[in-house]
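Order of writing sets the chain letters: A, B, C, D and E. Residues in each chain are counted from 1.
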Amino acid sequence: MPRTSKRRTKKVGLPAGSLVYTGEQAVGKVDVTLIDYDEQTFEERPLHAVDECVVYKAKPTATWINVDGVHDPAMLEKIGECFGLHRLVIEDLMSVVQRPKVEDFGEYLFVVLKMLTYDEKDGRIVPEQVSLIVGDNFLLSFQEGIKGDVFPLIRDRLRAGRGKIRKMGVDYLAYSLLDALVDGYFVILEKLGDRIDLLEEDLIARPGKTVVGQIYQLKRELLFLHKAVWPLREVLAALERRESPIIQETTAPYLRDVYDHVVQVIDSVEIYRDMLSTMLDLYLSSVSFRLNEVMKVLTIIATIFMPLTFIAGVYGMNFKYMPELEWRSGYFLSLGVMGAVAVGMMVFFKRKKWL
Amino acid sequence: MPRTSKRRTKKVGLPAGSLVYTGEQAVGKVDVTLIDYDEQTFEERPLHAVDECVVYKAKPTATWINVDGVHDPAMLEKIGECFGLHRLVIEDLMSVVQRPKVEDFGEYLFVVLKMLTYDEKDGRIVPEQVSLIVGDNFLLSFQEGIKGDVFPLIRDRLRAGRGKIRKMGVDYLAYSLLDALVDGYFVILEKLGDRIDLLEEDLIARPGKTVVGQIYQLKRELLFLHKAVWPLREVLAALERRESPIIQETTAPYLRDVYDHVVQVIDSVEIYRDMLSTMLDLYLSSVSFRLNEVMKVLTIIATIFMPLTFIAGVYGMNFKYMPELEWRSGYFLSLGVMGAVAVGMMVFFKRKKWL
Amino acid sequence: MPRTSKRRTKKVGLPAGSLVYTGEQAVGKVDVTLIDYDEQTFEERPLHAVDECVVYKAKPTATWINVDGVHDPAMLEKIGECFGLHRLVIEDLMSVVQRPKVEDFGEYLFVVLKMLTYDEKDGRIVPEQVSLIVGDNFLLSFQEGIKGDVFPLIRDRLRAGRGKIRKMGVDYLAYSLLDALVDGYFVILEKLGDRIDLLEEDLIARPGKTVVGQIYQLKRELLFLHKAVWPLREVLAALERRESPIIQETTAPYLRDVYDHVVQVIDSVEIYRDMLSTMLDLYLSSVSFRLNEVMKVLTIIATIFMPLTFIAGVYGMNFKYMPELEWRSGYFLSLGVMGAVAVGMMVFFKRKKWL
Amino acid sequence: MPRTSKRRTKKVGLPAGSLVYTGEQAVGKVDVTLIDYDEQTFEERPLHAVDECVVYKAKPTATWINVDGVHDPAMLEKIGECFGLHRLVIEDLMSVVQRPKVEDFGEYLFVVLKMLTYDEKDGRIVPEQVSLIVGDNFLLSFQEGIKGDVFPLIRDRLRAGRGKIRKMGVDYLAYSLLDALVDGYFVILEKLGDRIDLLEEDLIARPGKTVVGQIYQLKRELLFLHKAVWPLREVLAALERRESPIIQETTAPYLRDVYDHVVQVIDSVEIYRDMLSTMLDLYLSSVSFRLNEVMKVLTIIATIFMPLTFIAGVYGMNFKYMPELEWRSGYFLSLGVMGAVAVGMMVFFKRKKWL
Amino acid sequence: MPRTSKRRTKKVGLPAGSLVYTGEQAVGKVDVTLIDYDEQTFEERPLHAVDECVVYKAKPTATWINVDGVHDPAMLEKIGECFGLHRLVIEDLMSVVQRPKVEDFGEYLFVVLKMLTYDEKDGRIVPEQVSLIVGDNFLLSFQEGIKGDVFPLIRDRLRAGRGKIRKMGVDYLAYSLLDALVDGYFVILEKLGDRIDLLEEDLIARPGKTVVGQIYQLKRELLFLHKAVWPLREVLAALERRESPIIQETTAPYLRDVYDHVVQVIDSVEIYRDMLSTMLDLYLSSVSFRLNEVMKVLTIIATIFMPLTFIAGVYGMNFKYMPELEWRSGYFLSLGVMGAVAVGMMVFFKRKKWL
């Protein structure tokens, strides 16, 4: 989870529309893939020259161009020219620390989102910014260029022509992508939920020192997830209200469905945060409780043996004249007194319910 | 309380309208019961072939079809066809991890709720998703298939024709079902309330280690209840506003009544959560207080006996020349000094209000 | 403060409009008193037969019927018939665990409130539900039947014809009752405020174990008061907006006045809650602080006497050959060393600012 | 800071419009001062007979009547008659525990505020209720009668005719008074800020027992300030919206200015409260930290000397046959063992980083 | 971070429009720089006589006058006259403790902001108030006079005529300045983020006493940042809505961009605050945990050696008749018993999982 501010500062002082890439994937070739389809036809191929876009823009078929890597300003500018994008949009594409948002530029909608995947090896969330530009017959998607995405099943469905995806417009495709992204959040939630369950067991079975560190770690990741998903609520509400003619009426119920999922994710994040807070309290109180137990043992031992040791010490004194020392039963009497003191203390502790 | 995210992930990557059952009751036969009534007539019977629906849909009488089990996509699709349901609705019926919501599809209203029952044996809340589809003369209800529901009294009333339930339309029936579900929440609240009362007594009488675990458990269940009931407020407010013609004017006051009950449940949940938080503070402070008491005992004992033991130790030394040892009254003098030290310490503690 | 959920569950599963009394005052006769007045005339008498209502309803004079006890469904039904009340209203009258609310039934307004009195003996708040039904020339008030209410001064004013109360309509009478009820909250606030003041003194003078229990108790009562008064804000705002023609324009400023008082009560409750939270922190920190003090005493004593006792122990050993024991000044030297150790420790503690 | 509820209860059960003074300044003469001015003329004199008001009300010049003391119902009634005030307004004037508010009575605006001054001697905030009645050519101000107010500079400016105050209407005068009152809040904030700064230093330099009490005291005063200033935001927003023709267009920017100041006060109060909460955490954690330090010292001492004392104790036993006692080097060997044990413990603590 | 209230009190009691400087930079010459440009021409020079403004105001070219230092009322009045500014605006310019705001005066917009720079040496945030007055062809900017600002790159762009800055109006220039200011906040965030990262490491590696002080310090600075940036959200939302004709349609998307950045800053501040709160909990729980560890060591040592020392003490008593002392193997038997006791205690601790 890289800090937003760190990457933003790369751009401080530059004019608006400055094309500066703020991410970490600045190397490597940019992969551009084109999928052009309608109900009957389907074409899928890598796009080597961006100029070819123009042809597809003119065609009435639905065109999905996926750009994997946003560190090449020249290429983005070309795409921008072809599809008539505002310079600020191109700037935002390259600035991979955007807050999720939707902006209506009339001709097209500009949507920024976070794709979250869970790195099993490091046990951490990997964010990747995904921007969508949805026109009336084209959809451009831009990824940061981290390998892999959550869209392979959508591509399969497009290829196979299964379901209604090829029958409906690019707004439905946009919905499908949004849906896949939000589904990805449930995977993250599931992983975090598993870790919270484990932590809960640990807390009861072996409340060690690491528990708090883990709670802190989980809280941070939930904060991160919250930050990614909270603005999405607004984004989807705006899309569903269909203020732009690009979103067709038949797509609205699907968007409402994604909206419901987003709200569910937010609810779960809130509940997890609440649970972690209570777990921290639980941990602190169990530490306090155990301290109490430790101190009781110490106090019982000290309170019993200190008086006994004192008595032994008294009869270990070397005074010339100590009458008890001469008594035949002095030793046994002193042992008796010690026993009585010990028993008395025990009774005292029993009454205090310490034993 | 199964985690939502765990069950949601079953559907990740599938297209919208994919009929995937996300619950745990996937086995067993699906029971479909039909109740068809108007003021004069009443018919109740199990529905073996779903196709029979068509007949009842055409009839002007009110028809209530209750489906117990939502893991059979074929059957749900048939019902969907018969009543003209949107594919997303059928998908939502099978996805039993929905957030409570109401959606207006023009021809019918789609309401999703949670039926909560309290499992006395395990002392936990058992959730079951209930979806209602309310048309102008039919009401479909879908349950997850867990045995039993909270509607037997409503069925009795329908059979007996008591009250106005047979005189009014399906919207009134829908209200009755909602009312029964919300009444079920009060039963849960009552159980949780009893447990909180018990906990409160425990906290004062015998604040043991388990108290915190129980507070945590109760907090979790209240979170769960909160999650189920909070969105219901919106649902009922939307229904009561009567934006859909399906809800008749005469039913609105009844819905307002249920709305009031929901607000009451939310209020109570909030108050219980507040009380539990304060109880945790109470517990922590009582642990701290008892630690103080324990430490005072230890300190008093140590502070009295350490100096005494030291004095005894001094006169236990084996130096050749120790004048006091030769004194006739040396022993008694030393005992006197010890007594004086002990009394002095006692006075010191009295002044510090530790005794 | 009986739990709401406990009483609600009496009604689970019953149809809407079921007349089930959910309170605790189910025994005893129901007292019905009638006051009929206009500027010139005044009549006050107990109403033995409810049927007499009809006469008074027809008269243009203002009629106030106060019903003390809501456990008799037959009587309430008769009243309901006479004044044309909705069946849900009659149900709500008997269900004494309503949330404060106002509902506009066109012909009449239905207002539910809580009358709170302070039981000096038990030191607890006694709630009693009061429902008002305000028509154009009649006002019905229903109490749970607990002895006494906060309205005697209003009755006196009606009898004496003092002020404008006889000159204005029943909406002004309704205002007067509301005002008296809210004034009652100030009495409760005053009592709680006194107890908080006492607690504050205790906290500083003798922070014992009971303090936390008292804080908890007060927090509970404030939660209870909050629950009763918070919805009232909405109720009064709704009345003051005069959406119903029953509320006359001249009465609006008076209702605004009551609204202001309600807001004041809410403010005070919030401030008290804040103060109690801070007092709990204060208590916990004073407990921690005293623990520190106790531990310092223990540590100082132990740190001084342990080395001394050790030295004494060394010279108490019985080795054949211990040269120091033979020295003439061995004893005094050893005492000197002990003194030096003690003084050294003292200096150490002085530097650490423990003394 | 007297409690609101205590003073409110003086009025419980009385009819609306009852003129009962709820403050503490019930004795002494009521001072009434009149200032009548326009751009050319200026008159200032004490008003002995309230009846003289009538003359000034008729004159087109601006009239400011300041009443110092609100415990004389007869006088207030006379003023009320003269200026046509609603009876509830007169009641509110006498009830000095109002929440800040503005009410529009058409002919005049009724504004209630709190004037806060800081009592240097007792180190506490002294509140005094100030009510303003702003008509088209008159302004009445009512104070509780505590000596002094925050308006002398405004009177000077009126006398001298400096600035635009004499050129503009009474709404500008009202603004000036509001501005002076809000400026007074900054003085209070400054005092509280100074005390918080001192406390902060104390917290670091000498975190004694009194710190928590002071934090509590400051929190209470901030609660009090918050309560006085929070409703003011609404009051000024309402005035600035100019819903009443009494506020002229040219005065609106000035009111917006005061509004800005009020928001600034609210911001500062919130920040101070946040800071105090963090300071309490800081204090608690420093107490915990010091406890740790104390306990480490105790543990180190005990852990080193207990084994040593034990060894010494062993060789102090009086068994007939103890071979080591006969060894020539037994004593020195035992001292060596003791030294080794002590050094071993030291190493152990070094490794644990306790030393 | 000087306190607002301290500086505000300089103005208490003065009439509106009083020109009192409330800042700390009251000395030194005021620097006034003029930049006049359109697409073709560019002029930049210091302005020695303020009267020259008039010429530039009349010209259709865009004029940017930057005033560095606001402690000279005479100069500000002259500028005010020249550009027709309201007296309250001039007062606000001098009062450098304003809350960020925008006010529409018809002819011009008045925007107040905070420029924040990070003082590396002292590790603290240095605030400087920047006010902008945006007319149709002029922009006035006022700084407190602290050396340096965040605008040099904008000046460079104007000089070079790079980008669209010279092609667009002063509203675009205003946007550029706002953007530069908000970019400055990211630099601050970055610094605070670095310090939080460091603190996090410290917390785990060496949780010393200073950690809490640093958390407190960071919390204070975040509060400060929050206070500066929170009202900015409203300011930019208001500008972007284009309620004033001064903001042209083409500039709105740029302002929306800055708005997005502001929201991002607010998000980050909230996340940092959340993280710091959790870090404090983490710290407290690690202190508690270590206390537990310390106490366990103490208790183990005391519990093992106290009984042993007692046994040794018993056989160190000087009674005449103690049969064990005469036994040949008494010494070794006693050592054996001691060993058994020690082993027993060890087993006890093992079972309690303390070892």
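The definition used in the following text is that a residue touches a chain if its C-beta (ideal position, glycine included) is under 8 Å from a C-beta of that chain, and two chains touch if they have at least 3 such contacts.
Keep in mind that this is a model prediction, so the values were computed, not measured.
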Statement: Shared touch partners for chain A + chain C come out as B
- request: Look at both sides of the chain B and chain C contact and report whether the same residue positions are involved, with over half shared, or different ones.
  value: different
Query: CA centre of chain D versus CA centre of chain E: separation in Å?
result: 26
Task: Would you mind listing the residues of chain B that make contact with two or more other chains?
output: 284, 288, 291, 295, 298, 302, 306, 309, 313, 316-318, 322
Message: Under the definition above, what is the set of chain C residues touching chain D in their complex?
response: 150, 152-154, 157, 162-165, 175-176, 179-180, 183-184, 186-187, 189-190, 193, 204, 253-254, 256-257, 260-261, 263-264, 267-268, 271, 274-275, 278-279, 281-282, 284-286, 288-289, 291-292, 295-296, 298-299, 302-303, 306-307, 309-310, 313-314, 316-322, 354
Query: What part of chain C is in contact with chain B in the complex they form?
result: 3-6, 8-9, 11-17, 86, 88, 92, 97-99, 101, 103, 105, 209, 212-213, 215-216, 219-220, 223, 227, 280, 283-284, 287-288, 290-291, 294-295, 297-298, 301-302, 305-306, 308-309, 312-313, 315-318, 322, 324-331, 334-335, 338
